[in-house]
Structure formats: C-alpha cells, structure tokens
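Please go over the structures that come below.
You will see two complexes here that share chain A, one where it goes with chain B and one where it goes with chain C.
This part shows the complex of A and B:
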C-alpha cells in the first residue's frame, strides 16, 4: 500500500502536552486533517510515552510505556500506522521500536510488564510510527496541498523550527536520510516544504534543530532563557515574522522564555510562534480561532492580519 | 583558552556592524574554545588535529566519543564551519554581514548549550540524549 493510501486513516496519539499547553496544536492538527480528508482515530486509553522523566531514569520502562501505546493501536485497534504530533512522543515511540528490534533485555522487560499489567505485548514491526509532518507531507503532498490552499500565506516570512527530538539520535529514524523524498536529520525540510506549498516564504534559519533548553526549563531556567532568546533573535535577524513549530515542548518554551526574557532581563523580541498546523489551517481557509491561534501565549493574529492572511 | 563565562560575555557583546575580515576566524576560535572547555573538564587533552580542514570538527568528534548527547552539537559545529566557508566567498557586503551575524548566533548557541551541559551534569540530560542517569536501573520482580 502506498503512503497516500496508508496515511488516509491512522491511529492518533496526542500525548499529554496536546491536552494541556499544546491545545492549539491538537485543535489545528484535527482541523487540518478534517479539511484535507485525513482521518484520525485516537488511541484508546493511551498512557504517557515515558517522556524525558522516565527515560532519563530507566529507559526500559519508557520502552514499555511506549510499547503499550503501540500495542493498543496495532493489536487492539488494528491500525498499521500511528501518528504522534508531539516530538517527545514521536521520538519515544521510535526509540521503543528500535530498542525492541535490537535489544533482548528491552523485549524481556516489556513482555514481563505487559503480562503483569494483564495486556498483550508489542512486537517490533507491528505498526509504523509517523510524525504529523510525515502524515501531511506523504499523505497529501505539496502539489495537492498547493491545489487546496485558499488565499495562502502570502509570502509570510517563516523560520521553521524543528527542535531536537524530531531527528536525534539518528539511528532511531532509519527512514530518514534515504535520499530524494526522505527527511534529512541534519537539515530537516518537511515543514519548509509544506509551508512553502501553502505560500510562505521560508527564511534561511541556521538554528532549526538547535536545543531550546526544554529539559532544563525548571532545573536551570536561565540557560533555557538564553538558548531561547538566541533562537528568537536568530529568527528575527533572518527576517522571520513567525517561527513555525512542530513540538509542543519547544513551542511552550519559546513562548514562555520570550515573556520571561522581557520581564526579567528587559530583552524584547517580536517574532510570533505558531504551530505549522495552525499556519496550514489558515492557508486552507480556516479561521485563526478554528485552529487555536488565540490560545497561543504568543498570539500571532496581528502578524497574519498585517499580510491580510486572516 | 578562555573560560565559558568569558566566551559568553565576548559573544554577547559582539556585533556584526563594523565587523572586520577577521571576524569569521574570531568566531571560529571562540567555538573551538567552547569545546576545549568541555574536553578539559572531562580530563581529556583537546586535539590539535583537523577534520575536513577544521579543528572545530575534530574537537567535536573527540568530545562526542562516548557521549551520545554531545552529538547534538554536530549540526551546530558543522553550521559554524559552513558559515565560516561562506564568509570566504564573494558575498556582497550586506550578505556578508547577515552571514556573519548568523555565524555569531550559531557560536552563541554552542556556548550556551555546552555551558548548560557543564553546569547540569547531575540534573539530567537534554531531551535528545539517549543516555539515562542510572544506566543499570531496570525494574525488578
């Protein structure tokens, strides 16, 4: 089955962030999917992917937690593909898949905990994990997107920010770096491609995979603020009006530290943050409200209005 | 070798306006100093070798050995090397300044990231690392 067909209806794993701080990402992902005729079925009774906290303490427990999600999607719901829009969830499901395929002790721990919890186990290869970027890029494609765009982004200058977990570590993403048509781990471009098709002008942004300091936002917030301010300034210096995001942790970090930098250090930046699905949504003719733009801490409606986009 | 704090102060105060032809070399040297700090803090002697013509890339390879999260700096170091090379091409003055301003942001990211890693070694890794704090921990029973 080709990807266009396979991604028409997929299991949807929103993860915890999309039900909280990343609400606008959840809303816009669903709205854009509906607009494009891509169907989502939420994974029933899903649990935490193991995020950073569990993974940093015991990676095998994280593997189990992610495996449980994949087991429900594959074996209880019968899906071949699970889509995770959050970079942390996507990364963790991919890492679990890799560990279960390559590490006997990870398999043993997952089997044991699954049996103890009274549910079936997951075996590597039973489902394909994709990101929201893959879902739209391969499920719809730029040509089709270009045809469906209404009004478009009218040359809005965008810095595409992918964050760290979409491409790192490289070995858990065997489908990337496979030549034309595949994603690159050193210079990712799927978001650039989609937003260009929607009428945006992508700026030359050197920090597209740079760390936002997300993991240390509580333990060392000054480092996180410095990393974020540097990213915001780099985007502004490159001419960006908007930073497009595809990770709720990065997005929240950029927004929160933008405010903190101004309040505590008097460093003001004006660039706005929007999820790439929010930008695609308005390009497709959906209202900013419909895709949750007013719910962002960094409300980008004025930037859109300035270009008569929405 | 300058300390991380000294490099941080220098790069924060640096401006592309009026930057001379020496600026790319100065920024590259600052990036090398950052990695030297990391290596010395881990009791390793920073290499004098070069990789693909850059000592910075050789230092990165040395620093990343045995430390998966340091791989995150690979793109940063490569981007710095790319911007350095670009500065040596025949860019119009305005483009040259934009490129050198970008190189400054890349080096600034490196000093914050590595400085953060040096301060937070016991607090847990950055997100993209695959190394757990307690490598042997596995739920028993």
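This part shows the complex of A and C:
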C-alpha cells in the first residue's frame, strides 16, 4: 500500500492546544513517531487553524487561516501530507479543503487575504490532511504494530472516545465510509484497532462519538459537566479503566469536568483519561514519563501499575 | 425514539373544559383540551432572509421539517425545549415573536453537528443555530452570550498574533464575564495539572502568558483579516436591520 510510503515522512501541524494544555499529546505523538520510524517535520511558522471560535465569527476567515497552514506545508515545504493530532485542527483543515474545492466565494476570500498578507495561496488538492490515527493506522498498520509491541497493554480495559469533530459532518471526510479498510463515521474504529493490536481490551462503549460540550466548556459549564458525566459513567459501566482520547480539547474537557463534577456536585468517577499515543507509547516500551502520563490532570499511572504495564 | 413535542403547545393557546359535551358526546377529561383557533398577523416576512444572510444560515430554505435534527440533538436530550426543528419552522414562517421567546436557549447549541449529520436536506442546522444566536444579538434581543464573548476573545487573539495560548484565552474570558479565576474546581484542576509538570514546561507556559506566542511576520495578515471582518460586520448588520421594521407585514395598515 502506498500510504505506508507516503506517511513515512509528513508535515506536522501540532496546533495551539498541543503547545499548551495538550503538551502530553504532543510529547507522546513525537515519541511514538520516533519509536516507529515515522518522521515528522513541523510546519514552519504556523498559525492557528481558526478553530470553532473563528468559524463562528466568520467561516471564511477560518478557511483562510487553515489554507495558510496548508500552503506552507504543501507549497513552501513541498509535503504531500500534513498530519494534525488535534481533532479541531484536523477538522478545520478538512473543512477548508472541502470549502475551497466546492465554494467559489471561499476561494475568493482566501485568495484575497493571502495576497494582502503577502504569501502564496492554497488550492484544493495540493495536500492531504490526515489525523494522527490515520498516520499510525495506515503508515504502520496493526500487524507491524503487533510485532513492535514490547510488553503491551496486558488486557487493560479501554473505552475509545473520538468526540465530535473527527467524524462530523460527514461531507468533509470523503475518504471515510468507503468500505473495508476505511474509517467509519458512525462507529469509528481506528483507535480501537490500534489499541487492540497493542494488547488492550476495548470495552463496548456506546458514547464513542458523543459530545462533551467542548464548545461551551467554560461558557455553559453545567451543560458540559452533565455531558461529561454521562460519558465517564457510561465508560465505567462498560468496565473501562481508561478512556483513550485522540484530541486535546476532548481530553481536557473530560478531565476538567471530571474534577468539576466531583467538587461542585459530589459526583465521583475514577476512570482515567489517556491519549491513545500515550497508551501506544507504553505498549512499545516507553516509560510513562517519556510520554507525559504524569502530566495529565487525571494521572493514570496507578491504573497501569495495577496491571504491571510499564 | 419518537419525539414528543407537547411542550410546544403553549399554555396561552389552550382552553380547558372540565365538563364539555358536544353533540351528546362527553369530551371532558383527556379530550377537553383544544388549541384555540387564531389568526396570525404579526409575522416578519423577511425573517428567513435575515437569517440566511448570516454565516451558517444559508441553507435554511431547504428544510422540510422532518425533525431529524431535534431527534439527534445533544442539547435536546438534556432540555426538550431546545428544539432546532421548531425554531427553523418559526423562522421560515416569519414568527419572530415566538422565536424570540426562546432567545436565552438558542445560543446553548454545542456545535456537535449531530443534526448536520442526520439532516437529509443539507440544511446544516448547526449553522442555523449559530446564525440565529447571532441574529438575536444583532437585533438587540439579547446581550452577547457567554459563547459569543468566548468566540470574540479567542478570535481577537488569533487575529492579533496568529495564535492563541489557551490559558490566556481562559483568563480573558473570565475577566470579561466577571468570573473569578479562583473557582474551587478550577483551582483543583490546575493543581492536578501542575503536579506532574516538569519544571521546564512550567517555565515555558509561564513564559507564554507573558511573551505571547505569535506567528512571525503576521502584521499584514492581521490587517487583511481585520479589514475583511469589518466589511462583513457591516454587511450583516445591514442585512438584519434592513429587514426591520419596514419589511414587517402589518395587515392593519
């Protein structure tokens, strides 16, 4: 498969969150890439993709912001693939790609802003945006991963949580729902596949793509707390010891409102949050410290120790 | 799961009869509730166009009222009064007054896009919710919602420097909404996060709040974005104000 070749070396777009609260994700993504021989070259002098917040102010400004990032990766650095571990960044680059391919006025605004800002413009089709999940799933694959695992996850019970932006809305992900081998938007499984290959036991978790209320994590706190409590409880009822995450916003939302639920409403849950790259890292023999597990607000080291993992 | 929208039958539109016999049939009890007939005269014919002129509202005309959006909605599951299908109906019918009754709910959409995923007509109801929340503010029906304040704080940082720093966005938001940074749950969360942090990171994060992360050579991009954003704002305001009050259909005149 030529994706194996194409994903060996990709442009890396960490985004703002991975430089702030999501640093554990940044650290573990880089460490796992290194361990697996997948090379990352950070997009030079990148800017924020615009996130949901700029989209709410004006979607075309968000398209421009994401296009600037893709322009640098594709036209200035010569990459064919850009990888974003944050669901928000991944989603926004995909959305910009879709809008630039289908909407004349989005193209006009992007061209106008790019030329006024003094840099080249991005045209749809110049680069492929992938998520960190695609990167490992298609760049390495389960078989290879199984061979490389050292120690593994020893049947650790994991609920895989994908959140909203990785699968919705469907139209910006034309490569999903394309039959065997492709990701599903209704029941995503790439993270499940990778963690199973690393030795985890995935529990049957119905809220994989439920929303944690991340858009209003601070502006409508009670709604977010309720949504997060639903997710945490469902994971615990399914028997999960750990919720695996693949987005810094989802991850921080679950951690923050787990604390808030306990402090403000006396609702206590014990399940721990870990980035899937942190779990892969320890399965590959890296120490929890190396992949930033102690830096998570919900410190999962005890859960790992209980199963003699790492 | 079927949706029960009984909550849409407003008390002021009901008449209840304890003992009512019509043509010899007793229709009291469960059958004693009738919706009052009414003639609507106070609608705004331009309402759909006003919403459609705002970002996200473009495809509202496609809606055929299937209810899939409401049925799949994250917020509706917590609060049955949060009903995107119903609001789209009111907008398309021009029932401005009825729409405005729910002005404090509409902004609560969490943008999960479950509705957009489920909608068979590509209405993008998530966008319609954003456009409607925006419209309520432009029209002066509501103050800026906390969500808008957050979006503006976040976006202005991106426009200024090209990047955001999450701690700084949070502090700016709390300041603008008059909330304390020392809410006990937040203090607890930050403590948990800091205990595991290596010293180097703490210094780097502390650094970031003083020397803001920025994209190099951003000044021209900033000027271009701000110019465009300003143009758009004027356009939106004109589209909304333009429809009001002249376009209001008043048969009494």
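Note that in this section the second predicted complex is superposed on the first by the 309 of 310 C-alpha atoms of A that agree within 3 Å, B and C clash if a C-alpha of one lies under 4 Å from a C-alpha of the other, contacts with A are read in each partner's own complex, and residues count from 1 in each chain.
The rule we apply is simple: a residue touches a chain if its C-beta (ideal position, glycine included) is under 8 Å from a C-beta of that chain, and two chains touch if they have at least 3 such contacts.
A quick note: this is a predicted structure, and the numbers were derived from the prediction, not measured.
Look at chain A after the overlay: chain B and chain C clash there. When both complexes are overlaid on chain A, the residue A:206 reaches chain B alone and has no touch with chain C. In the superposition on chain A, contact of A:169 is made with both chain B and chain C. Look at A:263: by the touch rule set out above, it reaches chain C but stays clear of chain B. Contacts of A:295 after superposition: chain C is touched, whereas chain B is not reached.
In the superposition on chain A, A:57 makes contact with both chain B and chain C.
Residue contacts after overlaying the shared chain place A:155 against neither chain B nor chain C.
Look at A:21: by the touch rule set out above, it reaches chain C but stays clear of chain B. In the overlay built on the shared chain, the residue A:105 is in contact with chain B alone; chain C does not reach it. Using the contact criterion defined above for the overlaid structures, shared-chain residue A:255 touches chain C, although it does not reach chain B. Set against each other, chain B and chain C touch different numbers of residues in chain A, with C touching more. Within the three-chain superposition, the chain C stretch that clashes with chain B turns out to be 75-83, the only such case among 21-29, 39-47 or 75-83.
Shared interface residues of chain A, touching chain B in one complex and chain C in the other, are 52, 56-61, 109, 113, 164-165, 168-170, 210-211, 213-216, 219-220, 223, 226-227.
Across the interface of their complex, chain A is touched by residues 55-56, 74-75, 78, 108-114, 116-117, 124, 126, 130, 145-152, 154-155, 158, 162-167, 170, 173-174, 177, 184-186, 188-189, 192-193, 195-198, 201, 205, 208, 213, 215-218, 220-221, 223-225, 227-229, 232 of chain C. Those residues of chain B that touch chain A in the shared complex are 68, 71-72, 74-76, 78-79, 83, 98, 101-102, 105-106, 108-109, 112-113, 115-116, 119-120, 123-128, 130, 132-134, 137-139.
On the side of chain A, the complex with chain B involves touching residues 52, 55-61, 88, 91, 95, 105, 109, 113, 164-165, 168-170, 186, 204, 206-207, 209-211, 213-216, 219-220, 223, 226-227, 230-231, 233-234, 237-238, 249. Here chain A touches chain C in the complex through residues 16-17, 19-21, 23, 45-48, 50-54, 56-61, 64-65, 68, 109, 112-113, 116-118, 164-165, 167-170, 185, 210-211, 213-216, 218-220, 223-224, 226-227, 255-256, 259-260, 263-264, 293-299, going by the rule given at the top.
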